[in-house]
Every structure is written in structure tokens, then in C-alpha cells.
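Shared between the two complexes below is subunit A, which has subunit B as its partner in the first and subunit C in the second.
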Partner chain A sequence: MAAFVQLQWLLLTRSPRLLATLFVVPLYAVVFFTTVRSYEAPELAGTVALTAFSMSMWSQAMFVAAEVVDNDRWDGTLEPSLLTPNAYVRSLVTRVCTVTALSVPVLVEVIAIGRVGFGFPLPVHRPVIALTATLLLVVGTAGSALLVSALMIIVPVGRLLQNALTYPFYILGGLVLPVTSLPAPVEWVARLFFLSHGAQLLRDAMSGADGSHWGDFWALFVLSAMQLAAGVFLLRRALSRARRGEARLYA
Partner chain B sequence: MRNAGALFHQIGYGLLSSYQDYRALYTWRSWLFGWMVRLLCQVLFFSMVGKAIGSDGAQHYMALGNAVILGPLGALGVVSSSVAERRGGTLQFLLLSRNGPFPVLLSRGLYWAADGVVTSCFALVVLRWLVGVEISPPILPVCFLLQILITLSGYSLALALAGVSLRWPESRMYLTAGATILLMTIAGVNTAPPSGGIGGAVASVLPATHGLRAIRSAVAGGGVPPTAVLAECGVLLLWGAVSWLTLTGSLRYQVRAGALNLR
Partner chain C sequence: MSAVHVEDLSRRFRGRKGQEVTALDAVSLRVEEGEVVGLLGPNGAGKTTLSRILTTLLLPTSGSARVEGLDVVREATAVRERIGLVLGGERGLYGRLTARQNLRYWGAMQGLTGSHCRTRADELLERLGLAARADDRVETYSRGMVQRVHLARALLRNPRVLIMDEPTSGMDPHAAQGFRGLVEELRDGGSTVLLATHDMQEAQLLCSRVTLIDHGRILREGAPKDLLTGLDSPRTVTAGGVSAVVAGAVAGIPGVAVEGPTPEGLVTLRVTGDDAVSEVLRILTAAGVHELSVAAPTLAEVYRSIIEDREFAL
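This part shows the complex of A and B:
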């Protein structure tokens, strides 16, 4: 497993473009902080900082992590890897999780932007909850990336998919407004999406909101695990289709 | 005269290939249910920040701004598609055209601007149902015309950036992201643009700052201020000139260095 992490690390450091999302997306924090400051609503600074963080993690998963398989396809290493399908799936899961986990420091990055650049205090009142929620979010988000990487093998519009799966999911994840403010049918869907519970937990951890967090915590845990399982399952199927020659390896 | 004929011929073929590229990108279903839904969600998402602030005014301001900015943001796609030209090995053929590379590259990427115009106008029409921003039907055509102007000036900025990233391909992502953040922060999309200082000076040469002011005024029933339209035309011409410089300059360098093809 360490070898898989090491491989992905080598790939990333040799092609810094893959880390660009981590520098670029947090800049949305600048857009949000400027807005919040000019409307004199400093109480929203924490929420929008977390919004920028979640957006970064999700973009890193969709635009970098989900491309792991596609990159192998272009590099021509996919076919030989298919000779050992089980090891390859393990390798992909580890690599996708590694890439997604690299977005964790962005939380510190956006808080620093807010504190230094805009003078918002941005305290984290419950660091343990914040850390646990962040780690579970990495699992769920990596699961989504695996799902997308599988879809990129199966369907021809994979690239469009990456782009289309951003903002609709930011709304479903309740990144700005809690999902309770969404229309009822959309709210039900949003509640089945791990990101909505993660975003809520992060907001509570930051504001130090009282009350029990176990409901959101368990929902996040179960839904993230399910997301990861679904991602692994679909990727396995996509790769076995590729092995049987039923999927185009060169688009 | 023959030269002018050749120029039209060239631009015509550029547009044709641009149209074919666009058709390869989407089907009408993936465009409508994938791309368009995503863009409308983008408008909705940013207007939610306004809702979180707790004022209808802020929400409507952001919704309108984000609908309009879809045009210039969409036009930025030409930066990566121009670099893809170099990666794909097609750039060297485009350079053979007799009026120089500028008209070809300009017309080849025009589908990004066309897509930007269509998507942002679509967003303006549905804003009423999406967020409750009422744009009265007689005003809509005016908004569409302004939207074309704003998107074209965004496109000319994008071409200027494309010139830079043809020279340094790895810069494309940072340039588009930088332009996006700058437009979203100071062009008057979410908050009023800064009126003085460096911020104000930069905002005044950004695409969309003046055009957006004109659209806001038209939507509010105050008519279209001619100064804003003129200023937006000026921005279009300014970035058009810069893009001519960067594109021809960087391609001349590439030819001399023998580094046209990235493969």
C-alpha cells in the first residue's frame, strides 16, 4: 500500500499541474470573503471559508483524482495493469484516496486567507469534530472520484461529466445554505448525500454549536462508506468490461 | 481586394471548424441536461450566498451578476483549446494560412464565445423562475445585445491569455483561474466594483465591468447608459489589440524556436 502512495506521490510531484487545483480553487475564498465583507456580514465568514474548502476537495476529486485511470490509459499502463485486476483496483483506490487527502491542508489555507487577508477571526471551536468530519469527507469524496473514474471508462461523455458534477453537488451538499432551506424533494435527495452531513458537521465544529452531533456523524460515516463501496464496485465492473474489450480504451 | 476575400474565406472556414469542434463536444441532451443545468446551478449557488446574507437585494444582485458573467467565463475556454491545438499538432497547419495566425485562431475558438452568449442569455431568461429577478420582456433583447458585447470583450481577453499560454502551456490553468477570480471579485458580479485605487483601475479595464453596469441599469428601468456601452467597446478593442500582440508574438517566437509541436 505504501508503494501505491509513493507511486502517486511521484506522479504528482513530477507533474505539478495535478496540484494546481489546490492553489486555484481556494482562491474562491477571496471571492466569498470580499462579498461577505462588503455586505457587512462577518458572521458568514466561517461558513464561506468551509464552502471554499469543500469546493476545493470536491474539485480535486473530480478533476485530478478521477483522472487517475484516464491518465494510465493515455500513458499506456492501463492494459498491463489489467493483467492483475485485483492489485490494480487496490492501487487505484489507494491512489485516489491519496490525491483526495491532499486537499485537507486547504482548510488551513482558507482559514489563513480569511485571517491574514481579511481580518476575520475564524476560530475552530471543536477541532476534534472538524478533523473527524474532514477525514470522513475524504473517504466519501474519494468514493465519488472512483465512481466518476469508472464512468469515464464506460460512457463517452466522461469529460463533460466531471464539469457537470460540480455546482449541482455544491447545492445538494448544502455548502452555502443548510439543506433544510432546499425545496422538500431536493432536500430528501440532499440528505442521502454524504457531503450535506459533512458540511453541517464542519459548520457546527467551527461555530461550536451545542447539541448532539451523533446523528450527522453516523449519517456521514455510513454514507461515506457506502459511497466508497459503490465507487469500488463500479470501478471493478468498468475494468472488467475493459478487460473483455467492451469499453473503448482509446477515446 | 483579393486579400480581403481570402480573409473572409479563412474566417469562414475557421467558423466552420469551430462549429464542428462544438458539435463534437456536446449532444443537445448533454448540453441541456449536463452543461446548462450545471451553469444554472452555478448562478443559483452564488445567489445563495446573497440569501445567506439575508437580503433579497443582495440575492438578486448576485443572481444577475452571475448570470451575466457566464458569458465571459465561458469564452475563457479558448485558452485551453488553443493550447490543445499545439498539443494536437494542428497549430503548424493553421500558421500556413496567408493572413497570419490571428484571424484563424480568432475564428477557430469563436464557439466558446457563442456558447457563452447562448448560456448566459438562457440564464437571464430563466432568472425570473430561478431566483425571482424580473426582467421585463421588452428589456430582454437589449440585455441580449449587451450580453453579446460583454462576451466578445471577454473573448478578446481570453485570446490575449491564449497567446501567453501558447508560449508557456503550463500557465493556462493559472491564467484562466486568475481571470475568473478577478472577474468574480471586482467586475461587479457579487458586489459593486471598487471605485478608486488600483482595484478600480483594474476593474475599469476588465470585460463585463461596464457592460454589467449597463445591464443592471436597463433591468432597473433606468435605460442603457451610453458611456457604459462605449467603455465596454473600448475594453473590447483594448484586449483585441493585446491579443493580436500576444498571439502573433508568441507564435513568431515558437516558429523561431522550432517548438510549435508539443508532441
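This part shows the complex of A and C:
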């Protein structure tokens, strides 16, 4: 597993484009925090920080992590990888999780910028909840990225999916507004989506809201695990299609 | 038990417009333990399809294939442990990583662990002459060096059978020769190799047997020298200082095809049959021609006479 993490780390650090998230998001954060300050609405600073983080994690997953298989196809490394299909799936899961996890520092960056640069308190009242939610969010988001990476092999228009899968999911994930403020039918769909529970937990962890968090916690746990399982399942499907000659092994 | 045993193997694809493409058509083939067998054919012949099926990357439509007695469909996992695939071309490795990093990753993929993986990678880098550049990125390598990394990856688990798919394609002649040297070493070390290529000379140099394939069918197989004698392939006679009259006289002999003479009096003859060769030489020497060479048929000639001329530039 260390070898798989190392591979992805080397691939990421040796291509500057791939780590862009870590450098671009803080700039956006500066813009957002400036807006928040000039409207004298410091109570929104926490929401801004969380939205910036969760949106960048999701887009990092969709645009960087989800491309691992397609990139392997371009590099011609997909074919030799399939000589050891089980190890390849393990490798992909590890690599996609690595890429997704690399957006976690964004949260720290954004909070630091808010505190140091703008003097917003941005407290984290429940660090354990925040940490657990972040971990589970990484798992679920990586699962979604695996799902997309498999779709990119199975359907010819896979790359179009990437764009389609961003903004609607920012809404469905409750990243922009809490899902409770969505129209009822949309809210129901959103509740089936792991992101909405993760976003809620993070908000609660920061605001220190009272009450039980177990409902959101279990929903996040189960839905993230399901997301990961679905990703692995579809990936295996994609690879077995390649073996049947129905999907191209090379670009 | 043969190292590779293919029986009645067919593979059909659905083409872009929904039509059926037959990439392999009832192919049967055996490679014995320790043999280097050439799979010769033009682009689109079905070589890559066969390599993929043997390495379990692709399922056959019908027929069977066994490697070391193991079925490539039902016992795919066991086959994968015993087989090495050597791909040709620039791609197939992580260019942004060094050769050492690549080999360690691919070793981990193949189930080698920790220090064993590291020593095995170092060993192969040393053996294949890559040690000095092992910590440079693969994207800075020459084509010949990339190919040696491909070979090193295939050898990580020390497989008994190697499938090579046009390993020297796109290499300069010098690098290709170097690579052939490595294949010779493997052969002398007892490895079994199935070598797909469209380079006749390469096949003639390395292979104890060759199989000619086109349109997914096997056209001929045998040892290079048997193919040469069994088939009355033409010898090539080149002569300088030949007048048009003499050239005309030679052209009249049955079994002779003439090219030229050029304005400089150079003719190239393809002469089929021993009697015809004697007659050609008699006429040319009688006419006082002194610049003369006779070349024995090569696999290229066998190939040309069996496989219809397509995109071939030999």
C-alpha cells in the first residue's frame, strides 16, 4: 500500500497542475473573507470556510482523482496493470483516496487565513466530530471519484460527466446552503447523499451546536461506505469489460 | 506439456459500425519449453490479440489457450503468475517516475514485498545495464532504455514464459540489436518466448521456429531454414554492367523476374529454382558481366511470397 501511495504522491508532485487546488483555494478564500468582512457578517465566515473546503475536495476528486484510470490508459500503463487486476483495484482505491485526502489541508489553510488574515474567530468546538466527519467525507468522496473513473472507461462521453457532476452536487451536498433550506423533494434526494450529512456535521462541529449528532454520523458512515463499495464494484465492472474487449485498454 | 498451447482459438470484435471483425480465426499453435517462437505478420494480422489472450488481458470468443498447462480463462490468476508481458512502444511506464521507482511500484503490484521487492528491482536494473541511470526519470530515456525497463518489469517475478509484442518497434537499429542480445541471453537461460514482430530479420536471428499469420489465420509455420527450403523462394541476383540485350535474354528464362537495367546497367533479378539460377549465371558470365552477387532467400522472401504485399516495406 505504501508503494501505491508513493506512486500517486510522485505523480502529483511531479505535475504542478495536480496540486493546484492547494494553492488556488486559499486565494478564493481571501476573496470570500473580504466580502464577508465588508458586509460585516462575521457569522458567515465559518460557512465560507467549510464551503471552500468541501467544494475543493469534491472538485479535486472529480477532476484529479477520477482521472487516474483514464490517465493510466493514456500512459499505456492500464494494460500492464491489468496483469494483476486485484492489486490494480487496491492500487486505484489507495491512489484515489490519496488524491482526495490531499484536499484536507485546504480546510486548515482556509481556517488559518480567516483567523490570521481577517481576525474571524473560526473556532472548532468539536474537533473529534470534525476529524471523524472529514475522514468519512474523504472515503465517500473517493468512492464517488472511483465511480466516475469507472464511468470514464465504460461510457465514451465520460469526460463530460465530470463537469455535470460538480455544481448540482454542491447543492445536493448541502455545501452551499444547508439542505434544510432546499425545496422538499430536493431535500429528500440530498439526504440520500453522504455529502449533505458530512457538511452538516462539519457545520455543527464548528458552531458547537447542541443535540445528538449520531443520526448524521451513522448516515454519513453508511452512505460513504456504500459510495466506496459502489465505486469499487463499478471499477471491477469496467475492468472486466476491458477484458471482454468491450472497452479500450489504450487511448 | 507445451509451455504455450493454443487450440482453435478465435476472437471476434464488434467494429465501430457494428460489423464483425475477426481478429483471430481458429488459430492453433504450440510453443515448447525453452523455445523462442516468432509470430510474424503485418499490422492487423492478430498478433496483439493473441498476445492479450495469452496474458489473460482479453477473453477469447471460442477455442482454448493454455500456458504451462493452465487455462487462460479458468485459471487466469495462476497464468498471470507464470507469464511476463513485454510491450513495445514508448508508453506503458510512468514517465515522471524513475526506473527504480517504476520497478518498485510494479513489483508491489505483482505482490513482491518490502526488501525483496527492492533487491529484485536493483538486481534487474544491474543486469539490464540500467543501474547508472536508474534514478533518472523514465521520460528522459532513449527508446532502447525504455524497452529495457519494460523487459525488467516483465522479469520481476521471474516468469517461465515471456510474451513479447513487437518489442523493437520504433527503435533505432543499434538499440534493436542490443535488445535482441538480451533476448538471446534469456533464450540461453532457458526462458520460453513468444515474440510477435513484423521484422523478418529479427525473427530469423532469434527464433527456432516462426509462425506466419495474417487476417487472423496461420499461414505457415516451421523453422526458418525449413520454410526457406520447403518453399521455392526466389534468390536475388544483382549484376552491374548489363546491356539491355543481355537483360532481355535473361528475362526469357522461366522463373526469372527482372528489374532494370538502370541507365548504369544495374539489374536485379528474382530467380526461382536451381536450374534457372545456373542458366542466369551462365548467360551473365558469358556476356562478360563481372559484378555479380547471388543472395540466398531470406525469411523476407518467404514472407513476401506467402503474405500478399500490403503496407510492407522491408
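Note that in this section the second predicted complex is superposed on the first by the 245 of 251 C-alpha atoms of A that agree within 3 Å, B and C clash if a C-alpha of one lies under 4 Å from a C-alpha of the other, contacts with A are read in each partner's own complex, and residues count from 1 in each chain.
Note that a residue touches a chain if its C-beta (ideal position, glycine included) is under 8 Å from a C-beta of that chain, and two chains touch if they have at least 3 such contacts.
On a predicted model such as this, the values are computed, not experimentally measured, just so you know.
When the two structures are aligned on the shared chain, A:Arg243 is found in touch with subunit C, with no touch to subunit B.
Applying the stated contact rule after C-alpha superposition, one finds that A:Ala87 touches subunit C and leaves subunit B untouched. Legend: residue contacts after superposition of the two complexes on their common chain; A:Leu135 is shown touching neither subunit B nor subunit C.
Residue contacts after overlaying the shared chain place A:Val186 against neither subunit B nor subunit C. Looking at the shared chain after the overlay, A:Leu7 reaches subunit C, while subunit B stays out of its contact range.
Residue contacts after overlaying the shared chain place A:Val176 against subunit B, while subunit C stays out of touching range. Looking at the shared chain after the overlay, A:Thr47 reaches subunit B, while subunit C stays out of its contact range.
Between subunit B and subunit C, it is B that contacts the larger number of residues in subunit A. The intersection of subunit A residues touching subunit B with those touching subunit C, taken from the two complexes, is empty.
Residue ranges of subunit A in contact with subunit B, taken from their complex: 16-17, 20, 23-24, 27-28, 30-32, 34-36, 38-39, 41, 44, 47-48, 157, 160-161, 163-168, 170-171, 175-177, 181. Here subunit B touches subunit A in the complex through residues 25-27, 30, 34-35, 37-39, 41-42, 44-45, 48-49, 51-55, 58, 62, 170, 173-174, 177, 181, 184-185, 190-192, going by the rule given at the top.
Taken in their complex, subunit A has these residues touching subunit C: 3-4, 6-7, 10-11, 14-15, 75-77, 79-84, 87-88, 91, 242-245, 249-250. Residues of subunit C that touch subunit A in their complex: 11, 13, 55-59, 80, 85, 87, 89-97, 101, 104-111, 117, 137, 153.
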